[in-house]
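In what follows, a structure is listed as structure tokens, so that the remarks can point back to it.
Chains: A, B, C and D, in written order; residue numbering restarts at 1 for each.
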Amino acid sequence: MKQHPQKKVRTDLNPSRLLTFKIDERDVSAHEDESILTVARQNGISIPTLCHLDGLSERGACRLCIIEVKGVAKLLPSCVTFPRQDMEVITNSERVVTYRKKILELLFTERNHVCSVCVSNGHCELQNLAVELGVTHVRYPYLYPRHAVDASHSRFSIDHNRCVLCLRCVRVCDEIEGAHTWDIMGRGITSQVITDLNQPWGTSETCTGCGKCVQVCPTGALSEKGKSVAEMIKRRQFLPYLQMMRGRQDDSWQK
Amino acid sequence: MTLNSEDLHQIAKIEKDKQDGFQHRIHVCVAAGCLSCGSGVLMDALGKEVNRRGLDNWCQIKGVGCLGLCAEGPLISLATSGTYYQGVKVSDVSDILDALGGNPVGRLLCPADTAFFKRQVRIVTENCGRIDPERIEEYIAESGYESLYLALTQMTPPEVIEQVTRSGLRGRGGAGYPTGLKWTTVSKAISSTKFIICNADEGDPGAFMDRSVLESDPHRVIEGMAIAGYATGASQGYIYVRAEYPLAVKRVRLALAQAERLGVLGNNIFNTHFNFTIKVRLGAGAFVCGEETALIASIEGRMGRPRPRPPFPAEFGLWEHPTLINNVETFANVPPIIRKGGKWFAGIGTEKSKGTKVFALAGKIVNTGLIEIPMGTPLRDIVFAIGGGIPGGKGFKAVQTGGPSGGCIPEQFLDMPVDYDSLLQVGSIMGSGGMIVMDETSCMVDVAKFFMEFCMSESCGKCAPCRVGTRQIYDILCRITGNQSTPEDLAMLEDLCDLMKNTSLCGLGQSAPNPVLTTLKYFRDEYLSHIHDRTCLAGACKTVVEVS
Amino acid sequence: MKEQVPNPGNTPPASSKPAEDHRLRMVNRTMQLYRNQSHALIETLHTVQESFGFLEEGVLKYVAATLRVPLSRVYAVATFYHSFTLKPPGEHTCVICRGTACYIGGSGEILDDIREKVGIVSGETTPDGQVSLLVARCLGSCGLAPAGVFDGEVTGKLSPEVVLEKIGRWQTHDPQ
Amino acid sequence: MAKIRLATTWLDGCSGCHMSFLDIDELLIGLAEKVEILFGPLVDYKEFPEHADVTLVEGAVSNEADKKNIVMIRARSGILVSFGDCAITANVPGMRNRYPVGEVMKRAYVENADSVPAGNGGVRSEAAGVAFQTVPPLCQKARPVHEFVPVDVFLPGCPPPPEAITFLLTELLAGRIPDMTGRTRFGA
């Protein structure tokens, strides 16, 4: 089973080294195979994320968790960056905070996030991030693409207008459920998540109807039919457990 | 079958004797450029006419790789007298054969004593236009596979790497990473399986160096890869080549078959314990696959989406094994380095950029084609002396290097020596070697828009800054060229470029703003006149009309 | 090998008629060359495209089942790479190069004219099924800019008039 | 102390934000002592004043009249507040932006029309639609206010909660530009 090369299987013969480094001037200690994001959160330091979800592989794609490391010119995604002894990490410099805001604004312009009519209103991670990062408006022009809603599945529906292409659904379906019903078609700005051969979800031959994709979706893109706004709370606590039980450590971190 | 040094020399001698047996040798360029203007038909006609005249043993007709001056194709050269003919048609065949041994045919003559030919220093392209790329014997006759033999039988892997390091060779794919250092990292990686990948996914629009090398001298690349395999401890290689280059694919496949048949690839090469085989993988039309992690994903049969580095492919590459990825031109430099020594190579070029570089000259320039020049040649010499200047008496405006990741270099830097560092200083990059010349009729905003459209449709869509950023920047450039812009657009353009540069996941996204940034820097007046005066200074944007 | 496609079974697509057998044989040959390993997907799709002219849905299902790649992954790869097309091509194909040299040389205007006068953009086929238009990133024929490929034949130094005339002749079945 | 001159207005909105404004209940009474309401749907003045210290704008810029008005309003306002999601994101009016204007008009006034104007022989057609002749033409897209004029304060929410409105006004009355970060969110 593939796993992120820097996350090793800890055994007596192959122990994980402990090291100390600094996050925002604070001394922290960590295993060498724990990502900076993990260590930061263990220490109560919050770093915003969108594509990351505990229990799924890392993609390093949304770029919201970027951090600065002293002596490194490039900004690094904390979810796939691993600590070194005496490294100095800064998670909240003005530089990264500004960039995070701008990236989030770009995500808002990409699809049609009309929050007031969204099933996830109040439980939406994209919305929460806007509050967290202090985004009160979006400076870039909205793109207003034309996207469809697929409600052909008997229990679920997908509204591509609200999709942020985090690919959590693709990963959970592949890594945890093992069905790989979801994937992403096209490239660039025309990318879109699909079921099977880009067919209506209801006609998918591979979907088991487990609904995990709905549970992991950060926005109102994937939702359960017949649920009201207030009921649209996601259950995800089972993910790390299932990841462990099914022996799939970071299977597709390079997707 | 295994080969030894004597066998190699024997093959070379037979081949040379054979060639010396001919009174005249006519080389017809059958690289893609000349083929597309009919050199294939021309070669057939020449062969038939020679046969009809019963001169088969007196005059040899041979298809060869690129002769360089693609604009004037089909090109042929008379190897015995050094005469070049350009724009040759089937109807010229009789005249050419009649003139052999006498005065050349004046109307077809291509002056060979010009700077275009004289200023070139040929290392990578030394065999281009001289040997038949479809015959391994001709490559061997030009000291081919001698370097591999030398490396395998007389050098240890560290010694091979030592020579490459000493040569100062840097990656010819764009970024200019020291090749020796890359090889060292792979050789030190602990793994029983390692891979060598040759990146021939030449995706830059306007670049055709790698294609020419593969079409003209495929064995050189194969030999370079085998030497790299020996030096780093790999026994399997892949050539990832664009499916859009059918001729290159065909010739590489042929060359691989010949090399295997002769035993310079396979098991126990030259009676040593070294085994090495190479497979061809076809690209499928994705520029981003030039990025090494995306290329690896593509060879593994997946979508070519880059992943964050580290870990680097040198430690964790193809199928999770240490993998060395170099560009076609980089590998093509290796055999002469081993043969003549790293010190010899380091004597060419500038302090930090050694050797030569192959450039594809195109755009508004007289001598469109392929050139190889020492690093550090001033840009002015490339454009005006070698390239022959701008056609039609128009004024020079800029040179674009590095493709969609590069920048536009204005007139004020024409005297700059062309090497990795000076290009970087003016905001461009060496890139793979495309060089597009623009004259006064080219609108620089339009050029920036062209490259941004390219990056937008080639963005893999994985990271948000590149996926959405390219589209937003493209929209702004469309507004500017389309008479819809506001003064605020300029600030937003710069803001988005900065965002993409600093937060994108891979090199494509990080460098995609370069064409916009350099044009903003050097041709800001053109942006301003579009925005404020609704005028295109170059007169290229038709939708921008003057407001009365 | 973790991916098992539950359905469809490992049988050739139902739509295959005897005439298509040869084409399927080519596809099978490629897959066997790689011992039906999943990483042969792209190479296999190249063969499908070559022998069928496009990626037919039934064949995609067959390839997915044989190589044990999920259906959605096959579709994802097929749409990620621009070399592949999911629609049958027209009778004739016109490829216009949009490399930098050709763009500087005016290939944009040629494409504009085709859009205006013939009514198709890249990737589309005329309603009569006669002409498909494709855009190449770079044909490498920069010396002949602007260049194009008409039914496999590279032609250089194009102008909008020459291209429109060629397309017009295809559409009116004028053999010249 | 001179009263603060307040104007409120709406472009393409549903008046929900103004309703939420009324929901600040008894605070309105205190507010009335400190501000002078010059213009708005809640009061009966016909002309936008020459100068307002603070203007709250509800709704997106959707038609040609909105486009003209917002420039005028900006010029005559000290502090311009984008009041609610429609002004900030185009929100509900923006839902039509995926479709061409013609398609939108046809859907609204022809396909979904439940009555046919008299004198048209019972035929539904675009020519018969009253809306086509009497209201200002729609822009291609409904867009946020800040894409047309500079905006000083953004107050998200659909509608913004009364508490956030109270905070905004309190801060403005104290002579500060309020920082709305974390006080309200899009859509809620």
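The rule is short, and it goes like this: a contact is a pair of C-beta atoms (placed from the backbone, for glycine too) under 8 Å apart; a residue touches a chain by one contact, two chains touch by 3 or more.
Keep in mind that this is a model prediction, so the values were computed, not measured.
Q: Hey, how far apart are chain C and chain D in touch steps, shortest way?
A: Counted as steps through touching chains, the separation is 2.
Q: Which interface, named by its two chains, has the most contact pairs?
A: B-C
Q: From the centre of chain C, which chain's CA centre is farthest?
A: Ranked by distance of C-alpha centres from chain C, the top chain is D.
Q: How many Å are there between the centre of chain B and the centre of chain D, using C-alpha atoms for each centre?
A: Centre-to-centre distance between chain B and chain D: 58 Å.
Q: Measuring centre to centre with CA averages, how many angstrom lie between chain A and chain D?
A: 35
Q: Can you give the whole-Å distance between the Cα centres of chain A and chain B?
A: It comes to 39 Å between the two C-alpha centres.
Q: Using the touch definition from the top, which residues of chain C touch two or more other chains?
A: Within chain C, residues 73, 76, 80 contact more than one other chain.
Q: Out of chain B, which residues touch more than one other chain, so two or more?
A: Residue numbers touching two or more other chains: 286, 302-303, 460.
Q: Using the touch rule from the top of the page, what pairs of chains touch, sorted by label?
A: Pairs satisfying the touch definition: A-B, A-C, A-D, B-C.
Q: With touch defined as at the start, can you tell me which chain B residues reach chain C in the complex?
A: Within the complex, chain B touches chain C at residues 32-33, 35-37, 70-73, 203-208, 211, 243-245, 281-287, 298-304, 360, 362-364, 368-369, 400, 403, 434, 436, 438, 442, 447, 450-451, 454, 460.
Q: Touching chain C in the complex: which residues of chain A?
A: Against chain C, chain A makes touches at 174, 178-187, 194-198, 205-206, 251.
Q: Give the list of chain D residues in touch with chain A in this complex.
A: Touching chain A from chain D are residues 82, 85, 88-92, 94-95, 97-99, 141, 143-144, 146-147, 151, 154-156, 158, 180-182, 185-188.
Q: Considering only the defined contacts, which chain A positions touch chain B in the complex?
A: 2, 5-6, 59-63, 66, 74-75, 77, 80, 99, 102-103, 106-107, 109-110, 139-141, 143, 164-165, 184, 186-191, 253-255
Q: Please name which positions on chain B make contact with chain A in the complex.
A: So the residues of chain B in touch with chain A come to 286, 288, 293, 297, 302-303, 305, 307-308, 310-311, 315-316, 320, 456-465, 467-472, 475, 492, 495-496, 499, 502-505.
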